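In the two complexes that follow, subunit A is the common piece, with subunit B as its partner first and subunit C second.
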Partner chain A sequence: MTTANDMPLLHGLPRIVRCLLATLLLSAPALALADESQISEYRVKSAFLYNFSRFVTWPDATLQDRTEFSLCVMGTDPFGAQLDKLTGKTVHNNTLVVRRLKSLAMVDDCQLVYIGEDTTRADVLLLVREQPVLTVSDAADFIEQGGIIQFKLVQNKVRFRINMDAANTAGLRISSKLLSLATSVTGRD
Partner chain B sequence: MDSGMQVNMQSQPQPRLPLRYLTRLVYRSVLGLVAGLFTAFSVHATNLDNELPEDLTDMSLEALMNIEVTSASKKPQKQSEAAAAIFVITNNDLRRWGVTNIPEALRRVPGIDVARIDANKWAITSRGFNSRFANKLLVLIDGRSVYTPLFAGVYWDSQDLVLEDVDRIEVIRGPGGTLWGANAVNGVINIITKSTADTQGDMVSVTAGNEVKGIGSVRHGGKFRNGADYRVYAKYNSYDEGYNPDGAHDDWRTGQVGFRTDWVKTDRDDITLQGDYYRGTAGQLVNIPAGPPAPPPTTIVPTVSDTDTNGGNLLFRWSHKLENASNFALQLYYDHVGLDGEVLFEDRDSFDTDFQHHFNWREEHDVVWGLHYRHISDDTDSNATFSLDPSSRSVNLYSTFIQDEVSLRDDLRFTAGIKLEHNDFSGFEYQPNVRLAWAADENQTWWGSVSRAIRTPARGEHDVELRLVPPPPPNDPGRPVFAQGDSDYHSEDLVAYELGYRLNHNNIWSVDVAAFYNDYNKLRTLDPVVDPGPPPVVLLPFDNNMEGKTYGLEIAGQWQVRKGWRLNASYSWLDTQLRLVNDSTDTFSEGAEDASPVSKAAVWSALDFGDKLQFDAALRYVGDITVTGVNIDSYVEADLRLGWEAKPGLELSIIGQNLLNSRHAEYLPDFINTQTTGVERSIYGRVTWSF
Partner chain C sequence: MWSLRNIPIRRKLTLLVVVISSVSLLLASIAYITSDRINTQQTVSDNLGTMAAIIAANSSAALLFSDPVAAQETLGFLTSQQHIQAAAIYGMDEMEFASYIKPGLKLEIPAIHLQAENILFWGDYVELFTYIVYEGEQIGFVYLRSDMEAVHERLIWFLGIVALILLASLLVTVVLSAQLQHIITDPLLRLSAIARQVSTEKNYAVRVIGDGKDELGNLITDFNTMLDEIQSRDNELRENRLKLEERVARRTRELEIANEQLALSKEQAESVASRMEYHAHHDALTGLPNRILLNDRITSELAHARRQQTNAALLFLDLDRFKIINDSLGHAIGDQLLRAISRRLNKCVRDEDTVARLGGDEFMILLPRISGSADAGRIAKKIIERLVDPISCNGHVLHITTSIGISIYPYDGTDAETLIKHADISMYRAKELGRNKAVYYTAEMNAGSRKQLAMETSLRKALEKNQLKLFYQPKVDISRNMIIGVEALLRWQHPTMGFISPLEFIPVAEDTGLIVPIGEWVLHTAFRQLKQWHNAGYGSLTLAVNLSSAQLSRPGVEEVVEQALRESGVDAGMTELEVTENVAMENIDSAILILEKLKHMGVSIAMDDFGTGYSSLSYLSRLPFDTVKIDRSFVHKIPDSTEDVTIVEAIIAMAQSLKLSLIVEGVENARQLNFFRQHGVNLVQGYLFSKPVEASELLKMLESQTLPGTVNLVK
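So, the complex of A and B:
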């Protein structure tokens, strides 16, 4: 058995180091402006929120009387400007608007509410219970608390869980497509 | 290092040595490399951005679910990544590296050894044992195996693709037997083409230069009335010959046409049908031993000959989503390979059927299981050099596997699986693996694995009689020498121990390190036996009288220096120790120790000047090797590319490959004695127009 000491591990390296330096020098003048923004988690999640709004059906009465579809954020907003890019899109014939709520008072006027940190989730859930409001959160026990859709990262990919009981109570109908893509669906008959 | 892995390693017969050894390796290499090198790594998706639409809401939910996100949130969360050594070449990499075929694309991948034998033949392997018939690396194109069961290995000249339509090439080093089956011993390469939804519209690409005489691709993508997307393509390649002072005769041409259609039939059903057909002619100068050779030496007749190739395939895949994110997929394909050359003749038809079912069980368990059947029938021709007995044969392969990936904790994932397989040559085989991945924090992952993989006998190892070119005098035995198939030839087996570490620092720089210790048994040997005849001949029946251990380290790194400037590096180190057993009198199988370089490195830069101009540079080092007793020097080569997007959809580029030397040698032939030719400096221009 060869011992580690006589392994030619660094065999050829000095040449490589020289070559490396050459490449670095070669590549030095950079004017680059191309967009290399990373795919942030919440850039993808905001696209999910948009898709949730498309694949969930609200009671006719909820959307008929208004022109706007309100997508609200309660508590800390992890999306930032990414979410505002959804503004103006059409959802169920209404125009999507993004609203960041300062207080619970307006929450039942939202069609979809994302509940961030720094807020008492139970309060929000209690308030919108039996209201046609789609609740979404990243919180680990959100489904158990009575929320409708909970995000979940699996192998760095965005997945979600669905609580059918809560959706039924809210009077929301979730498309079979969304159900089939969910990692788990609770409260289903 | 997490304790779970140590327990696994120590329960093995050679407990402490490999681990201590590897630890020292890691330490030394870190010292050696970090000093001079930046390091980083594209663990999957760091390159993906360029290919995502600006507005993600344009993407389907399914596509969104496939995006790997880099988490920017502060809270600790499940970061779980593959517990295996993976390197992904994206479509963007293929473009920016300026490569013209798959072998060229693999040159920068750590752990993968690419050596050109002549202009149309390559020796490509993972983690050692290189040969034109490198038999421990499995290669799949869209789920279709292109590993040839005749001699084991891949006919790389027949694996052509429109590179613009390749989505990515996933290179997985280390055993993949549990999921992919036999012969995925040292690695698996999955070449995945784009879905037709992503290749709508027309594309024309033309490449021409001194070594690349001409490559032309035309593709049209459209939509059927039922909503299914399709594409059709045609491609023609013509490459110049390599360098040989006496004339190389290894120029080659191929033409290929194909189609693919993807139909999202319902929310739950995706159907893909695709097919390709190719014809080619590849030249070579092959040394034919002529006899009767008494007295020595054997007469060697260098013969200029063309190998004609043709082949085609048709593949159908249906995937169906079930409830709760579970799904199943059924894949059927037919594949034909035709080869007509001075030495090798083969007509082979394969029919393959594969079923996989994937489901979540109690949320923590991600289970996948499957059934597979392949029928292969071949028809071969014999000549004075090569024959198979029987000349025509049908074989069947059955297998089943199950693998469970369980989340033990938020940061800890354990995977266990096994494949059971039956083939007509070696009977039942089993290939288990266990893997553990630990997300130490949101930026770091440690992983380890212990797995067993087997390399099943090739048809040739069972049935061939191949007349070899004997060594030069005085070692020429003075009699014809034949490699001879043996019906008792067994599978080669491997138990592999791997450790890996990945660090991603805010997506600015990242590093991926993989270390392994491989323990092989029953490796192939050729023990000479004199058959007194008449006429007297030396027979070299295939046998399994060699053991081997390999140790290796692979590092890949990436550094996003600033917007529009990325640096990458890869480094591989490999030590192969082979040992004959059972009093074997084999004289050359141990030569495989030196057939792959001890060290190999590459560094490359991708630089944008604004959004119109791109400049790419690469340096590659490959250490020296010894093939059939002949030393081939190490070499350093450079590649450059300048790309200009003249207007949206129209890209002009000029590319130089192997620029540092007017020519260099990379490999020598082994079993089939074709003459090797030098790899020459290559400069070519490329125009790609999408409209």
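So, the complex of A and C:
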């Protein structure tokens, strides 16, 4: 058995101590090292972007005629090189492509759009309204603006909120598994 | 030690059935339990796999979105799964993401196992590791640990069932086999009981009941058949025994009676038997071995001599003149003499020698293991010397001698018969040589005896071929100078052997019995011749014929004489029969009888050769002689030998006193003639007057009254 060899040091400690340590280790860098924690945060968020695409179903017509799945970033790109790592992954049988959009004109060709801080979210949302485009943003009132998924840090952990009405309007079906993980779901009966 | 062998068969059968059914049930149970355990494990493994799959599916989103709380929620349903002891979810960083431990258990969630995807059975519990996969991407791991209680409970349950079934089947088996074994054991027990009854009570009438057609049925049938057989044998035996006992009792009684009689006669029988045995092999008179025993001893000693290459000798003894002693002094004296001689003979020989009496005065001595023929000669000489000593018997002093023939093994023969024959021949040779002698056998003797055999054959032919002839010697009465009679003398003119003396062929004729026809022929021929002479005018002529001892010892000689007289028609008074003294003495009683008969017929009897024998005068006086003939042996030396003159004078005196006529034979010269004339003997026979001549010549003599001799008859 490999159990003994692979057992991390922490496992030898009582559970309560372990929990405390884990809390310290997770929270301390975020407080002390803001930049690094920010990088780590967006690394998680970039992974979330990819995972969102896996738990959301696009209308058949949207992905059928294409080979690519376009993950677009509007506005400021907080992910950096992290996001490019997703390039080439498969989403619903289409190859994921990362696009950093300079103008709104191309937005309706995206399947997922992250809308950065400096972007006029309302314009974008307007453009993709009733279009099968999953919209994601860190903006605090994004859900209220009509966005579909909004990142939210809860106890330094990346969590998210979902707007079911917006998703329904866009023609997207969101997996119940994803819904169960959301900190809040609006528009759900 | 407790042994299976000693328990009853029905127990064995039960045991057998129980053991077999138990073993088969047990094996079946083990197989079933093993198979069930495998199935159960599979089920457990499947269940765990399903559960892990559920956990994986439910926790994939939580993993992807790093939500341990949500993940923990997916494990929440495990509280309803009693057998799940622990569960855990790991991320791809191998860190525990969420975990569950059954309340009340103190367990630790192990670190992730890199080899993953496997199920491990640990006896008490089962561990399962499996990946969490989302859309083909491995996103984490699930760990599940379940107790085996369900499996164990199931096993215990099954074991209980098996034990119950075993117990039940055991019971059923025992009950059933207890019933079924009767099928086999009952006939056996019946058989056994009957067999025991038969052997203890000896009652063979009982039978075993049973009519099955299986092996046991056959056994019972065979057993009963055997009992039938034994019963019939037993009955037979009993009957036979009763019969036998009865018979034995009867025989015992008979035997007792017979035994009493036998006991009385047994001693007598034994002594008689031994006496008979002795007498069969011994001479009654002398106690010496007889011919039978002698032959035995000769045979065995010859065999011994053959092996050892030694010599042996046979001595054939014949006492000289014993007959005369026996006849003159009586049998009692003769017997005493024989006994005395037997004792002397025994003293002359060695212990190993055998002296046997063959009968009469014949003895045979067997000398085994001698070194040479000289030994035999020495012993023979010793016997002769010892016998010379006179023997006294009842006041008589007797002189006896013996003639001995000797044959030596192996020179004179290699078998008993030949040796005895040759010893016999030698003995006769000894007699011929003058008696009181021992003579070794020589091949010539055998040649002699062969000659005798040849003579015998010739003699038979001689009669048929008229080779026998009668010559006649005149008897002259010197007082009247005339031929008063003739003596017929037999001559044998053999065609190749020439003239053969009667001294040679008469003994052969006597031995072979030819003397009878020859004697008859002589009597008839002579009497016929006499008749012719009578018819020719010489009617006073007498004729004398010699009678041999053989003729005289056979009955019927008087009939022959009578027949010859009748046939020739000669007057018996003109005939005379001459008998030698010894011939007359050999069997005096029959001789007297025959001679009396002949004399009664009118025939004269002359005693031939008077004085040569040893006959006493008392015997002579009993014989019916008319004439005494003085033997030529006395005449020969007369008158020069005073001894012979004395004897002849005594004979003449005796004859004259007995009123017997006298005739002298063998007179060859004038001096003899004068001597007898002076002594008053007028009848003379001899060459002085004439030799024996043929009948025709004698007729001439009668006619001319001249004799061919030196002295002529004076008319």
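Just a few scattered comments:
FYI, the second predicted complex is superposed on the first by the 150 of 189 C-alpha atoms of A that agree within 3 Å, B and C clash if a C-alpha of one lies under 4 Å from a C-alpha of the other, contacts with A are read in each partner's own complex, and residues count from 1 in each chain.
FYI, a residue touches a chain if its C-beta (ideal position, glycine included) is under 8 Å from a C-beta of that chain, and two chains touch if they have at least 3 such contacts.
Model, not experiment: these values are computed from the prediction.
In the superposed pair of complexes, A:M106 makes contact with neither subunit B nor subunit C.
In the superposition on chain A, contact is made by A:S184 with subunit B only, not with subunit C. Once the two complexes are laid over each other on the shared chain, residue contacts for A:M164 go to neither subunit B nor subunit C. When both complexes are overlaid on chain A, the residue A:L86 reaches subunit B alone and has no touch with subunit C. After overlaying the two complexes on the shared chain, residue contacts for A:F48 are found with subunit B and with subunit C alike. Which of subunit B and subunit C touches more residues of subunit A: that partner is B. In the superposition on chain A, A:V154 makes contact with subunit B only, while subunit C stays out of contact range.
When the shared chain is aligned, no partner comes close enough to touch A:L127: not subunit B, not subunit C. The interface of subunit A with subunit B overlaps its interface with subunit C at residues 1-2, 4, 7-8, 11, 44, 47-48, 51, 55, 157-159, 175, 177-178, 180-181.
Touching subunit B in their complex are the following residues of subunit A: 1-2, 4, 7-13, 15-17, 19-20, 22-24, 26-27, 30-44, 46-48, 50-51, 55, 78, 85-86, 89, 117, 138, 152-159, 175-185. Subunit B contributes residues 17, 21, 24-25, 28-29, 32-33, 36-37, 44-46, 48-50, 52, 55-57, 59, 61-62, 64-73, 75, 77-82, 267-268, 321-325, 360, 363, 507, 553, 560-567, 569, 571, 573, 575, 577, 598-599, 601, 603-605, 607-611, 615, 617-619, 621, 623, 634, 636, 638 to its touches with subunit A in the complex.
On the side of subunit A, the complex with subunit C involves touching residues 1-4, 6-8, 11, 44, 47-48, 51, 54-55, 157-160, 175, 177-178, 180-181. Residues of subunit C that touch subunit A in their complex: 58, 60-62, 64-67, 70, 94-95, 108, 110-115, 134-135.
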